[in-house]
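Below you'll find a set of structures to go through.
Same chain, two partners: chain A is paired with chain B first, then with chain C.
Take a look at the complex of A and B:
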């Protein structure tokens, strides 16, 4: 890849990272996961078509199993009883952008009367080169950990709103000491990450999840059913 | 209930960490940065012949970094690994720092592979980590690096032999969240303990040009 493009990609990522606040731990656990099949189907979001399927019956999972050549490979940290429970009740969303198909897992949890989604990345696979190893190449140029984003889900007829938490609002409140949630911030690299446990995240949303200040239009993705 | 199994080929939660110590925070502050001209140039790894290069970071490399780091352009390097066709395999910022008796490199990801703009939302879920190596010049034209071992530190934490800020995720992975000062203290204290370094991630390099 030419150097300018490589750096442009890095610039895009790092710039966006600075405006996004994600969590090290998942909001949803195997014991709290909930399902709502209204989320399934084909959706339009701006110029993207997004398909959301139940994970265990998804084409993503079928492709994954088909790509496993040796039974030994099936053994992983994900075949624990807990992961089995979590992922068998989760959904996978996929969309194509710039020659890559992106897969993200969406797990739901009900807190009070509200439904929240935990979204985590799984794989980015080149559309025209679906070989076994291409998927994890995208981020193989350095060392990363994956994190989770959190959104409140609101169903409105043929639309779903993913109301993502307003990172700037949370940062501001943390700075003022108005919010108490475990959080790491590194000014030198403009990195920040919520490190609260799943239980603490749930408590946080049970307490503040109804506060409209936590969300705004800019951080809301409205998906329209196709 | 039918057991739902995820293939190990896609370990998607945590990442490319293996036994290498990686940290959320850097091991240096602005004033700790040192620049050693010997590192600039192209190098060949003795074990497998892999070619890598280090060059001083330029302004255009740094646009995504903080103003503090941009101010220090010229005090750190771009580390690049290319395949035989000249395509970029790895690109990291490399920051050199002296802690106690030794010099260390703090590598930080500088980009991802893709032929077009990466999806921002997807990418925002990937948190770049610092990978820490000790570097020793054996001559002016050769050096060794050894990565700090994550398992060693995790054992110290597990056995309550050290207090260092960290998180244990639900799948049992350790994420070191210690601030720079704590990291520096750890590195200096255990700098002469061979087990604190990973044998799997050590390498020698000879200068090509």
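Take a look at the complex of A and C:
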């Protein structure tokens, strides 16, 4: 179990930032999902070019539907009323890094006056080897468990700040016994996976989402519009 | 001063009980709310805050609303205020955990992990539990007071019975001793038997009658001895009939309960009479039902016991019957001019 969790965590970190908090459950649910189309477009983050589209009209979804193997899986997901509601109001972000194209589903939720994003990595395929072979997908290898990263979104002109929750801060608070939230500890790799429910996560961010101690510059990704 | 000290001690005990109860509830809630073992500091803060919203409702209910429970109308005086203060406290609880605690305890991070319904259940359970505790405590106190009152009443009755028994007039002993003295001067051959009977009677009066209950057969035996002695004193001009029916061996009776009637019949019949005297005694037993019937003719000159003790014997036995056989006896005393009839029905 711990190794599975580790994989989930490490893959998430690999795809974006070094120390962002990971959660087993999504922050966003079908009943709370919201949209903000300002997020769509082509963005630049350091040396990465990130494209964000609405998931139902995205090339990712079209490619997925075109894939014979994935068809049934996609169909089953979208046939579920809850998932269908969630994903039809979600976005997909893709970028290329180290020869792999990463796809992440980004779902938004408004908590108070703040907008939060739940980022869920779904696919990482070699750029020069488009194939249906599951073995090529980084996220399909081994015993992968999907985990989610949570970020507060701040729009500033033609920039978006993804302020990811600082895992180090959370870990420190958990260690001190100052934070009450469900989590799993992996002593082997010194990582923590938040296991609180979606409702609890939303309550937590509704209460503490404005607390600047939850975020820091190292875990903030500023995307500039291209 | 002494009462004041006792009141202070009782107050301290009550305060200690409350503190102990609060700690117990705190401990239970802490172990319910904690995320890890042992509980973290945040769990203590969480539990303290939760308890802080519950306790005011619990104490308002115990000391303000519960005493109004019997007031009319019940809905207005009890139910509505209880519902209002509970709803207000639940609202405070939710606000505290969802918003206010972020500013009150900036170093701690927690949210309410319960829905309003689950929080309500906590409140309801604690209110019910404390109500039951208070009611059971009150019940125990009432019970204890009742026991103490009963014990005191029992002691008072015992004292009264003891005093009543002590009042059984020893007058006849002195008279009998006088008769014995005369018999000894006359060298009467009945003397040894008479002394023996008196001795038996004295033993019974002084020792065995201290028991709460004595065998009925023994009490009847004493009646017979008493009659025999009275015969000696009355020169055998008496017409005494004694009929005993039923099995007296298995039954018990309060001691010296029947003798006063017999003594009374001798006082007012035999001693006062100048002509033929009769005493008819009939004791019938049916199961544990005793029927005591005593008839005698009244003397023409009621000269005996012209002192303060006159009439005390019957009053004494009536009081003892009320104390020892409440609702289990029926006494009829008939004064028919020449004859005097006593009928006592007793459930042994």
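Here is the rule we use: the second predicted complex is superposed on the first by the 188 of 226 C-alpha atoms of A that agree within 3 Å, B and C clash if a C-alpha of one lies under 4 Å from a C-alpha of the other, contacts with A are read in each partner's own complex, and residues count from 1 in each chain.
What we mean here is this: a residue touches a chain if its C-beta (ideal position, glycine included) is under 8 Å from a C-beta of that chain, and two chains touch if they have at least 3 such contacts.
All values reported here derive from a predicted model rather than from experimental measurement.
Undergrad: Considering only touches as defined above, state whether A:84 meets chain B (first), chain C (second), both or neither.
TA: The first partner, chain B, only.
Undergrad: Quick check for you: in the superposed arrangement, does A:193 touch first (chain B), second (chain C), both or neither?
TA: first
Undergrad: Regarding the shared-chain residue A:211, is it in contact with chain B (first), chain C (second), both, or neither?
TA: So A:211 only meets chain C here.
Undergrad: Please work out whether A:224 is in contact with chain B alone, chain C alone, both, or neither, and reply first, second, both or neither.
TA: neither
Undergrad: When the two structures are overlaid on chain A, which partner does A:38 contact: first (chain B), second (chain C), both, or neither?
TA: neither
Undergrad: Please tell me which partner, chain B or chain C, touches more residues of chain A.
TA: Larger number of chain A residues touched: B.
Undergrad: Once chain A of both complexes is superposed, is A:62 in touch with chain B (first), chain C (second), both, or neither?
TA: So A:62 meets neither chain B nor chain C here.
Undergrad: Would you pull the chain A residues touching chain B in the complex into a rising list?
TA: So the residues of chain A touching chain B come out as 1, 3, 5-17, 20, 22, 24-26, 29, 55-56, 64-65, 67-68, 72-79, 81-85, 87-88, 95, 97-100, 102, 104, 119-124, 132, 135-149, 184, 186-191, 193, 195, 198.
Undergrad: Which residues of chain A touch chain C in their complex?
TA: 173, 176-182, 200, 203-204, 206-208, 211
Undergrad: Provide the residue numbers of chain C that touch chain A in the complex, in ascending order.
TA: 33, 35, 40-43, 46, 98-99, 102, 107-113
Undergrad: Touching chain A in the complex: which residues of chain B?
TA: Residues 1-17, 20, 22, 24-26, 29-30, 60-61, 63-66, 68-69, 87-92, 107-131, 167, 169-172, 175, 177 of chain B touch chain A in their complex.
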